[in-house]
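Each structure below is given as structure tokens.
You will see subunit A twice below: alongside subunit B first, and alongside subunit C after that.
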Partner chain A sequence: MIELIVYGIVLGSIIALGAIGLTMVYRIVGFANFAHGEFMTGGAYVALFVVTILLPWIGFPDSRFVPLSFGWRMVIAFPIAMAVVAILAIALDKILYKKLRAKKSGPVILAMASLGASFIIRMTILIIWGSDYIFYRPGLMRPALDLPLSVKIRPDQIFIFCAAIFLVILLHLFLKRTKMGKAMRATADNTDLALVTGIDTERIIAWTWAIGGGLAAAGGVLYGIDVQLHPGMGWNFLIPIFAATILGSIGNIYGALIGGFVIGIAQQVSTAFLAPTYKLAVAFMIMILILLIRPQGIFGKE
Partner chain B sequence: MEFSGISSYVVSLAIMAGIYAVFCLGLNIQWGYTGLFNIGIAGFFCIGAYTSAMITTPMPSGIYAQYVHQIFGLNLPFVFGLMGAAIVCGVVALLIGIPTLRLGEDYLAIATLGIAETIRLIFNNEQWLANGPRGLMDMPQPFHSVVSPQNYNYIYLIITVIAMVIIYFAIEKAIRSPWGRVLRAIREDEGSASMSGKDVFNFKMQSLIFGSMVMGIGGALYAHYTKAISPSVFTPLYGTFIIWVMLMAGGSGNNKGAILGAYVIWGIWVGTKFVTDFLPYTLQSRAPYIRFLIIGILLEVILIYRPQGLLGEEKKISKLLD
Partner chain C sequence: MTILKVDSVSAGYVPESNILHDLSLELNEGEIVSVIGPNGAGKSTLLKTIFGLLKPKSGKIQLKNEVISGLKPFRIAQKGVSYVPQVNNVFPSLTIQENLEMGAFIRSDDYSDTMEEVYTLFPVLKERKNQKAGQLSGGQRQMVAMGRALMLKPEVLLLDEPSAGLAPIFVSSIFDKIKEINATGVSIIIVEQNAKEALKMSHRGYVLAMGQNVLDDKSDALLANEEVGRLYLGG
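Our next item is the complex of A and B:
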């Protein structure tokens, strides 16, 4: 059981990376982004391209940080994946969502457009890479470490948790210390008031997409390191990240972080009683429970 | 291709488009007239198909019982299958409506998405329920003995069109009634509808149930047409997304548009297959993805450039008032 909770924390840190971006977009851009899972998939596959095609092509040497399963190639690919998906998210906003906002389309139309965008991204990945399961580094033995309390964990999983926490701390410092971060918090709190004080909302929206897309991409790459890559991986994260977002109250970044861990732990612990394929249904049931008991989430006001 | 080959191809195309038109009509009640954002159509599609299949097939016996498991098999006529599918989908809609319809509109979207995925997982994993991933086969087809098997599709086309027309007129009747006016009032402005003393939650619930029952009938029509269903059919792509594109293309809030959209988009979907057949052999296996990419882009183009769809919403105040 303790082992499952530890695995849940690892999974939860990936869910949290998705949920934090989703909750920010939800509050600041103002709609439910159904393409957020595909940002995760996109990030994982951009990193795959960099690790297996781009860097070998320019002759960048292969290396591996034993006992981790990756080396310098992944260290380079990670920020590139985040940047590419951040740019993709901003580009989607400019060519799609911005036009719909200009037409005064409601949030539901924007959500529908994002559902369309999610299929467009997934189909593009399927066209390029096909529907196979892919590893960043195939055929590698990945032994687990023995920790106290009979917990077996792979070094990669410890890295995943640390990387996620590192990114969340960076985001925290960005929001608290920088001018843009403060402007984003102001916009999230009260959009109209932010407009009156002269904050450029379009710039805030672009930054929100960049951060949301970048974090989601990081989550996707980390999931790829932990398990494997598949074009449907992001779609399978969609329900868990929405559940985490609602659990932690929409718009609340720290709520999304905690929500991510709660959903991740619940999903992993459920495998002790249920078939592992039901993980997604477990996230869904928790979400329904929250909607029934406390629809505003744990940090929401009455 | 000889004439009979072409005509049977056109008939099979028309049947599938007609089945999709039924889903579009169901979605039109929910989205077009009430503004309910249901993106879990695949779930109702799946439940409708399985319910009708199990109502109309006998319980497997003898050697089959070792290979085919299903929770019940009633061996009743086709019409009972349709009714059962509608009822079960209505109950599922009620259950999903209770936690979500009092909240903002996107909560229903997330919840319906979740229920569709959950339903697919259940049918995939639970062997005892409906034979797991292998699914069910040999659903009976009404009037099967009247014509030779190769001409049967003509009969099924008539059945599909009759079902579609009955549902069309039922919805038209309902939408032009005071009940339908309340739905549209809720879609336009929930606040003022509830201030006029309308129980918004109740009306939304009725709309969700009504639409989902129609979707259940669509699922049943599908099951008896293909005679083979498995959980892998009811994906978000084939079960939900393409239906949304159909309704948006045809014109939400317009039942004629819903039907037109189903035929036009199904035509485009099938038509793109002819185009992708020209692709080099190595790309052939990726052809379905290219076709869905085109459908996805089409949705975005519609949303940006023609959100009202081909026909747009019909004004439906009164036939006495223009």
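Our next item is the complex of A and C:
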């Protein structure tokens, strides 16, 4: 049981990286971005491209930080994946969502457009890479460490948790300490007043996409390290990240973080009682329950 | 000298209908001008139009000798006009200090002196600078809103009902602060429900009704005018 909770925390940190971006986009851009899961998939495959094609091609040596399953190639691929997806997210906003905003389309239209975008991204990845399950480093034995309380955990999983927490702390410092971060919080608080204050809200929106896309990409890469890659991986994360977002009160970054852990733990613990294929159903059930009992989420006001 | 001139402006929120009809107003350098009138007269709409949140459909607005109608709000802010909206005029989850920093968002120079000036004007804000604006009382929130607007060192300040919802003792202290701000050389347009009080501290006043000019005169004259008293000053 304790082991499942630990696995849940690892899964939860990946869900949280998706949920934080989703909740920020909802708060500042004003709609539910159904393409958010595809940002995760996109990040995972960009890193795959860098690790298995780009870096070998330029002759960058292979290495591995034993006992972790990856080495310097992944260290380079990780920020590249985040940056590429960040740019893609901004581009998607400029060519699609911004046009709809200019037409004063409502949140439902924008959400539907994002659903369409998600299909296009997923299919593009499918066409390029095929539908196979892929490892960053195939054929590697990944022994688990024995921790006290008979918890078995792979070193990669400890890394995943630490990496996610590191990114969340970076985000926190960005929002609290930098001028752009404060302006982002101001815009989230009151967009009209931000405009009156002279904050260029379109620029804030671009930053929001960059951060949301970058964090989702990080989540995708971490999931790829933990498990494996598949073009549908991000789509399968969509329900958990929505559940985490709603649970933590839509628009609340710290709520999304907590929500991510709660959903991750619930999903993993459920495997003690249910077949693992019901994991998504568990996230979905939690989401429905929250919507029925406390639609404003745990941190929302009455 | 006229610093701001609204010249026969018509404006509205939707293409088909106007809220302001051929409205004109002048603000001279160093003046406080009050805009009074019944609910829905278009007072807030007038300030929004001056600040570029609404685009005039006809007429023009000039700041000194430059036409500013049609410019984006942040451009108008850069030219020295600050605006305090009637409602939702602070960032509730930001601290007082952060609210003031946001006020200086478009400044690239060192604004610490300006912040000290704002804190000198509103000492209570300095005491609570790390408190979230959403937790403050209405009066303190109004001070944050004004402080935020002053961070740009504006030449013209547009205030939309700064005393709305405040207890009477805070009303007079807010009005005192407005006089202090004016004494530092800021020209002010103030929209007020507390019409009598507002006229008492201002140089001139404009009466609006249904988006049109009804009357404008020196404040004393408006205060002495029986009809204005009966219709707009509550007796």
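Quick note on the criterion: the second predicted complex is superposed on the first by the 302 of 302 C-alpha atoms of A that agree within 3 Å, B and C clash if a C-alpha of one lies under 4 Å from a C-alpha of the other, contacts with A are read in each partner's own complex, and residues count from 1 in each chain.
Convention: a residue touches a chain if its C-beta (ideal position, glycine included) is under 8 Å from a C-beta of that chain, and two chains touch if they have at least 3 such contacts.
Because the structure is predicted, anything quoted here is derived from the model rather than measured.
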For this session: Overlay done on subunit A, so just call it for subunit B and subunit C: clash or fit.
Result: fit
Exercise. If you stack the two complexes on chain A, which partner ends up touching A:280: first (subunit B), second (subunit C), both, or neither?
Worked result: first
For this session: Quick one: classify A:238 as touching subunit B (first), subunit C (second), both or neither.
Result: first
Exercise. Touch check for A:288: first (subunit B), second (subunit C), both, or neither?
Worked result: first
Exercise. After lining up the shared chain so the two structures overlap, which partner does A:132 touch, if you call subunit B first and subunit C second: first, second, both or neither?
Worked result: neither
For this session: For A:103, select first, second, both or neither according to whether it touches subunit B, subunit C, the two together, or no partner.
Result: first
Problem set entry | Partner, of subunit C and subunit B, that touches more residues belonging to subunit A | B
Seminar exercise, completed: Rounded to whole Å, the nearest C-alpha atoms of subunit B and subunit C in the superposition sit apart by 17
Problem set entry | Doubly contacted residues of subunit A, that is, touched by subunit B and again by subunit C | none
Exercise. Any idea which subunit A residues touch subunit C in the complex?
Worked result: 179, 182-183, 185-186, 188-190, 192-200
Problem set entry | subunit B residues touching subunit A - in the complex, by the definition given at the top | 35, 37, 39, 98-100, 102-103, 105-107, 109-111, 113-115, 117-118, 121-122, 124-125, 236-237, 241, 244-245, 248, 285-286, 289-290, 292-293, 295-297, 299-300, 303-304, 307
Problem set entry | Residues of subunit A touching subunit B in the complex | 31-32, 34, 96, 99-100, 103, 105, 107-109, 111-113, 115-117, 119-120, 123-124, 126-127, 130, 235, 238-239, 242, 246, 275, 277-278, 280-281, 283-284, 287-288, 291-292, 295
Seminar exercise, completed: The residues of subunit C that touch subunit A in their complex are 51, 53, 73-74, 77-78, 83, 85, 88-94, 98, 101-103, 105-106, 148, 152
